[in-house]
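Down below is the structure, laid out as structure tokens.
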Amino acid sequence: MKIITMGEIMLRLMTPDFLRIEQTDSFNAIYDGDEAIVATSLSRFGENVTYVTKLPKNALGETCYHRLLAQGVDCSHIARGGQRLGINFYETGVAMRPPRVTYDRANSAFADASLEDFDFDKIFNGSDWFHFSGITPAISSKTRALTKAAVEAAKRHNVIVSCDLNYRRKLWSVEEAQYFMKSVMHHVDVCIGNEEDADCCLGLKPDGTDVFASKLSIEGYKKIFMQICETYGCKHVGCTLRESYSASDNGWSVLCYDGNQFCQSRHYDIRLVDRGGSGASFAAGMIYGLLHQLPLQQVAEFAGAASALKHTIYGGFNLVSLEEVLELANGDASGRVQR
Amino acid sequence: MKIITMGEIMLRLMTPDFLRIEQTDSFNAIYDGDEAIVATSLSRFGENVTYVTKLPKNALGETCYHRLLAQGVDCSHIARGGQRLGINFYETGVAMRPPRVTYDRANSAFADASLEDFDFDKIFNGSDWFHFSGITPAISSKTRALTKAAVEAAKRHNVIVSCDLNYRRKLWSVEEAQYFMKSVMHHVDVCIGNEEDADCCLGLKPDGTDVFASKLSIEGYKKIFMQICETYGCKHVGCTLRESYSASDNGWSVLCYDGNQFCQSRHYDIRLVDRGGSGASFAAGMIYGLLHQLPLQQVAEFAGAASALKHTIYGGFNLVSLEEVLELANGDASGRVQR
Amino acid sequence: MKIITMGEIMLRLMTPDFLRIEQTDSFNAIYDGDEAIVATSLSRFGENVTYVTKLPKNALGETCYHRLLAQGVDCSHIARGGQRLGINFYETGVAMRPPRVTYDRANSAFADASLEDFDFDKIFNGSDWFHFSGITPAISSKTRALTKAAVEAAKRHNVIVSCDLNYRRKLWSVEEAQYFMKSVMHHVDVCIGNEEDADCCLGLKPDGTDVFASKLSIEGYKKIFMQICETYGCKHVGCTLRESYSASDNGWSVLCYDGNQFCQSRHYDIRLVDRGGSGASFAAGMIYGLLHQLPLQQVAEFAGAASALKHTIYGGFNLVSLEEVLELANGDASGRVQR
Amino acid sequence: MKIITMGEIMLRLMTPDFLRIEQTDSFNAIYDGDEAIVATSLSRFGENVTYVTKLPKNALGETCYHRLLAQGVDCSHIARGGQRLGINFYETGVAMRPPRVTYDRANSAFADASLEDFDFDKIFNGSDWFHFSGITPAISSKTRALTKAAVEAAKRHNVIVSCDLNYRRKLWSVEEAQYFMKSVMHHVDVCIGNEEDADCCLGLKPDGTDVFASKLSIEGYKKIFMQICETYGCKHVGCTLRESYSASDNGWSVLCYDGNQFCQSRHYDIRLVDRGGSGASFAAGMIYGLLHQLPLQQVAEFAGAASALKHTIYGGFNLVSLEEVLELANGDASGRVQR
Amino acid sequence: MKIITMGEIMLRLMTPDFLRIEQTDSFNAIYDGDEAIVATSLSRFGENVTYVTKLPKNALGETCYHRLLAQGVDCSHIARGGQRLGINFYETGVAMRPPRVTYDRANSAFADASLEDFDFDKIFNGSDWFHFSGITPAISSKTRALTKAAVEAAKRHNVIVSCDLNYRRKLWSVEEAQYFMKSVMHHVDVCIGNEEDADCCLGLKPDGTDVFASKLSIEGYKKIFMQICETYGCKHVGCTLRESYSASDNGWSVLCYDGNQFCQSRHYDIRLVDRGGSGASFAAGMIYGLLHQLPLQQVAEFAGAASALKHTIYGGFNLVSLEEVLELANGDASGRVQR
Amino acid sequence: MKIITMGEIMLRLMTPDFLRIEQTDSFNAIYDGDEAIVATSLSRFGENVTYVTKLPKNALGETCYHRLLAQGVDCSHIARGGQRLGINFYETGVAMRPPRVTYDRANSAFADASLEDFDFDKIFNGSDWFHFSGITPAISSKTRALTKAAVEAAKRHNVIVSCDLNYRRKLWSVEEAQYFMKSVMHHVDVCIGNEEDADCCLGLKPDGTDVFASKLSIEGYKKIFMQICETYGCKHVGCTLRESYSASDNGWSVLCYDGNQFCQSRHYDIRLVDRGGSGASFAAGMIYGLLHQLPLQQVAEFAGAASALKHTIYGGFNLVSLEEVLELANGDASGRVQR
């Protein structure tokens, strides 16, 4: 199986321990981004994955390249050039103090990438799956053009398309998001998104749910999932269900739908090491399950376990093995020592 | 508004992570002290604050000076000289292993400071508020004389006086504490203290409460608060209500009284990063609320949020902004990421 | 009182924070091993302890030696020579991600030690207690011979013998374990072991308990303890009762039996710093209690407190004082600051 | 004396130890910039200094503000707003591997600052000295307008003006530099610059010197200094003389000229800790010496010692005291322990 | 061009800073080995490189695999299995205190690898160059068989063979070394080795040189090089010339011979960051130069610059770019900042 | 052989890397003191050593105790009690920036120790050597009484006495030093001291030498050594000859005299890691050499090598082995890797 993902990889500069930016004399450096996490996760699960992006010709771009190579990802279609690598400064939260992100991502190499940077017909030739998140088109009008071109090329090559809606209000308005997403959704076979995403990206809003009240209504999700399938012809929909007890502890489970059945994974209570990349780790898990045609409940358990584990891994990439995900998906969550 | 605080700032040498003193090869260095925390908190909230102390003429004294300046505190009345900076060695606790403090604070510059070191009439001229804690007079007979002189000067200049009783049994006896505190309490407008403080510093003890049993009785606090107001004519009383589940997790809320109404803040469950300075952060929050004449419930919520947040900040000073305190006081404690 | 312990001390290479082996650029270095932990614990409690092992003549062997000396342990009977120090690579777990141990201990100096390396009659002359764990004979056929010789020498010198069964499936089979353990158990006065140990090492298995289901049945333990005493004539039996809520939080208590009475210690909920060495810390606590002829409930409380505290101490040795164990055993587990 | 400096302060992200960007998992964070270093140096020497810049309204801008306040610099004229803080990624060099800087400074708050952000008449009212470097106008056309306005305001208020030419080829061309610098040089009283600066910024080039050959010709410098004074009416000129033996060890001395006399400071051989900020530390030292009307040789010795010491201080600011600079300027350079 | 290298990659555990093993609480973890360094160097220079080894199926083996992938090396012929990864504990030296290596490499996966683990005909099919060092056959009789088979397969496929003699007295005796090396030398086209290697591995010893006196005689090297070419028909010979001023500072240059001309590279004085891998970096540089048919002096300068730079890079792999090596080889060694 | 040393062990708090106190957020913690270094050095060389001091009953005192035990030193005569452990804050120097020490040692447990704390007859019974430095009596009048009593007890038991004069001007005046030292010098068999010590402690001053000019005159030393022997009947005199090129690099050799012959050790150029304890390491080396009756030149070489090596070891104790000292004393100082 050959999988393509496209998006932006950034430098995440995290304060160590629980320090605030103003008190730290150092930042931990992490290189991540939604689609890069999906790519590296699937590569670690044994798939053949190509990651498409544009990186600046400097030491930071080099570093991204080496970090992706280390995970076995095919980097031969990465364009080089542009001004800079996007950065986000990230202050880890604790208890009721939330994590705070200061974005400094304007004018990145990928934001300014153009259609000439990529040969999509070559990229998608012989491929089986294409994944992107809503962040990719949200970055700039140029990346919107890229996303559109990629989705269309994917379809020309009969490639399955998955999209994690992942609405980010700092990157684009609801109007922009809906205008673009509605234009590509008919190409999307597998859609990932929660109620807020469905509302902001697709204008779909079921009654009786209050997204921001942290009262997650499974019924609300079901309605949304059915609406997405009906409206856009998606074959599968999924989302994660985070319960934010605090910045240190979260509840976690995931939900998958195949147009027929709803399967919710087992529930996890998680002490957070790094919540970054959990959504993308779910996407990778769901793609893996669907690619391997697991029963829907097993898809949910696999994607739930993979994304739950991500919370315990520092850094962007979900550095777990297929065996570890299966071990947790099928069984013991007691954290007993493995000797 | 111009605020004055006076007290001792010390070097806190903390073992990193959860190491014990005997196993560590390094100490983290923090400079703090009750009144310095009140000063820096209020300066961060936008107030004009002067901190009064005496620092040795060496690199450690220099460092305190720079750390206070960094927070925008006026240091022009800090005296220089004396022998040394006080030190406390601090082993962070975890679970049922308590934090352990080894004091090495005798003969500090502030402990040996004399009335000639400060010109209180100049200091209090044009000021609005004076804050000190019970630690200041507890340090030495010299600091008792200083405290008395400062309180009297404050009153000459019609300055509001607040006192955080903060009884420390290693510094003075109950007899010494009561002898001194009773002599200045008629000048105190705002008093902060819990039942143990009221008992040890003021000899006030309501029935039916067992301070050391961790069963915090709100009724007991109310009785004590009323007694304090009746006995000494204080206008406001407040205290913090810590529930020590373990050295790692605490419950937290605060209580304020204005001679009429009792307001308890919302309750927080907190994963501790550094509990040092939480009491002083409450004092700063209460002073801010009263200075800005917030309704009493809002005073409690503001002071409760400020002091709850301190537990999540490493080091002595409460490195939060006014906006962050208001955000928590008025709303979301879920710790969701702020993007 | 003079106590002898014999076993292997290894280099534990731990990933810092919660990093995985593949992402770390450094390992924390800890030197530990069951019997070394028992030896250092008892030395810290004020006993006269001799530790018997064999260390390679290189910098790692030197380091073990200095670390043991630092705890006041008599190292004069440690043999030197052989090929290498055993190593275990240890990835700390968090939440539902379990700690993972990668052993690299074959061909260690102790595994290859021979009877000529030690003069057991000299070692046990004037001694009061000998302790070993089931790991010692499990290491190699050579260490089985050593263990047998040591136990027999101990008995020749009227020394009390304690054994922590501690079955390790990676080191020997159930058949090997039972063949050896049954041959020495009649010399064992104090036996430490849970149901799994009793089953694997001794072939004792009560009905109605499922060891791996984490449902700890006190009744099951009682049956096992009685069987051990009846079968082998042991005078005391004890074990720890771990509830693995997750890799980050555990419940903990211990159980002691004197052939008559069962005493369970108070229960602790523990945020883990390092769970390594908790079993050995229990053994040391139980030995201390029995040596000092404490009432059985106090033995359980002492051993329970000592081993609970170990979870909060980073590294192998239980760096607590007698006073701290007594303080917790007799009282406050609230984690309140000790000023 | 009241001194004004204006320029950009950036975040310098340095790899720790001698790591390369691609191999580091963390960056040390330093906040510096030429004029900020001059400002903090002079403040540490006891002068009253105001630093003028524009900082973004985010945690990084906040941090700059606190770091400047910590050094006693007046920050009341710092504008807030704009998009981002400029960044430079800095790989420390060693031996023949040079330090490598990757700039990411486009679109910074200061680069986009406008005349409305500052009230120069208020700023210069009552001031004695204004200092800027050639980096300030090089950043953008907006900062060129700011620089021009500042210099003219300074002259309106009879303020002495010093300029460190500091040509940076990545920021502007020789043509742009000369066009601008020639338009303000008649206002400059004190000029700092070496042969390359004189050539690129002012078009002055003496015969017989090869700037890039590391063969520093004192005669060449003298000719250039005289040309600068003659052409633009400067009263003092100075420059630093670095001999780059390697990225780890440098030779160092400085040269000052008062239109009459040339004074070269003592020569230092320096093991480098952080060469960043050495030029600005020289500028601060020269300004201090001239402000205090020291004899020219003493100006050179003071500025030479201050800037030599900077190489031994990690980070941007020259964290030395007036006493330390005088001690070195007047005497012992043996590095013997000060007990 | 397709290059094959074969050898062992080990875990190097280094004490941080200049700590001794007995005083460190952590080790820095580096994964390196002569042929892995040659492979990664050449991959970074843009060549297509396959690295052949055997790695254990555990987290350490996984990590080696990812670190090699990160450098773009083809790992598809790496066998998996065996017992363990070899380790060397490395104490960095300083001044006259030498670095000390404690090997713990017995029974590694590669030491026990067998002919069945590799399909050499597949590996060498279409290849251009094969490189191995004398360490590979020195490890065990099994690796001697592997080396022989590899060299013979290389020759069957008309692949150029280079060998870095690299005699290690702890791994094999002079007799074993000569017995084996003489049996393969007639297949070696490019030989790397100094006088000690020539003596121990090949029994060649010119008069008048004292290898251990640090008095490097260029004449001695010339004689040896000619003898090697005459005796075994090698086309090129090269070696490095280290002058060990101390453990902190070394002199460095390299020497190349093509059967006709001797070329010595420029001389470098180097402050050492990590001398590990400098020999292999020279081999990689020489192979690159010969592959690209550079003039011999340029081969020497390229290989000299590459290996000199390695001393400034922490860790095993020579993390420099082709551009950086060329920059140094062709020019500036002053270590001036690159802005 | 049984050796006694007596003195104060302190906590040295060092800034990491080359940071200044005002910029560091942590201190490295080292426990050392002249006589403790002599004791641990001799213990590491295989001697039986007892260290006499007084330590506070707190975690810092405990830590000293464990660190001494780790080196095999007999701690059974250490008294416990008193107020505090002395501290010195130590800023490492670099290049021409000198190391700076801020003492905070007043009122330490040892400074307040009394004669009742030690049973000198028991301590010296069966002993062979007693060593103290001039720091011990300099600390307080109490330690002067202790020193006198110890020296007299040593003589009662026919113990050889060595004294390292080590004059410290911050601890006592020249008058106090001479008054005390002259009163015990007739008991001193082996005296260590340079010209400054001889001048300040004994009032001996040869012509033609300028101690502070760093021009070390061997002739001057010889005159002083002869004067010491003649005046006080000492049998051996020795001193170290430091050339402070800078705070980073020093020259080093040592000089020994036996009343007849002067032997100077080989000269070392040293890159400094930690110069602390080099003098005490020389003392230990000289004592070792004399105890083992080595020829005087070998005494000088041994003591020179031991003390030179100390400069390369971080921390207070000279963590080298007898073999390493002999290896350097007898031979190779090239710093070549030991594989």
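A, B, C, D, E and F label the chains in the order they appear, each numbered from 1.
Simple rule for what comes next: a residue touches a chain if its C-beta (ideal position, glycine included) is under 8 Å from a C-beta of that chain, and two chains touch if they have at least 3 such contacts.
All of these numbers come straight from a predicted model, not from anything done at the bench.
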| item | value |
| --- | --- |
| Pair from D-E, A-D or A-E with over half of its contact pairs in common with B-F | A-D |
| Chain separated most widely from subunit C, comparing mean CA positions | D |
| Chain centre separation in whole Å, for subunit E relative to subunit C (CA means) | 45 |
| Multi-partner residues of subunit F (at least 2 other chains) | 20, 22, 25, 66, 100 |
| In the complex, subunit C residues that touch subunit B | 268-271, 273, 308-309, 311-315, 319, 324, 328, 332-339 |
| Subunit A contact footprint on subunit D (complex, rising order) | 13, 16, 20-22, 24-29, 58-60, 62-63, 66, 83-85, 87, 89, 91, 100, 102, 104, 106-107 |
| Footprint of subunit E on subunit A - complex, ascending | 66-67, 69-72 |
| Subunit D-facing residues of subunit F, complex | 17-20, 22-23, 93-101, 103, 168, 170, 214, 244-249, 275 |
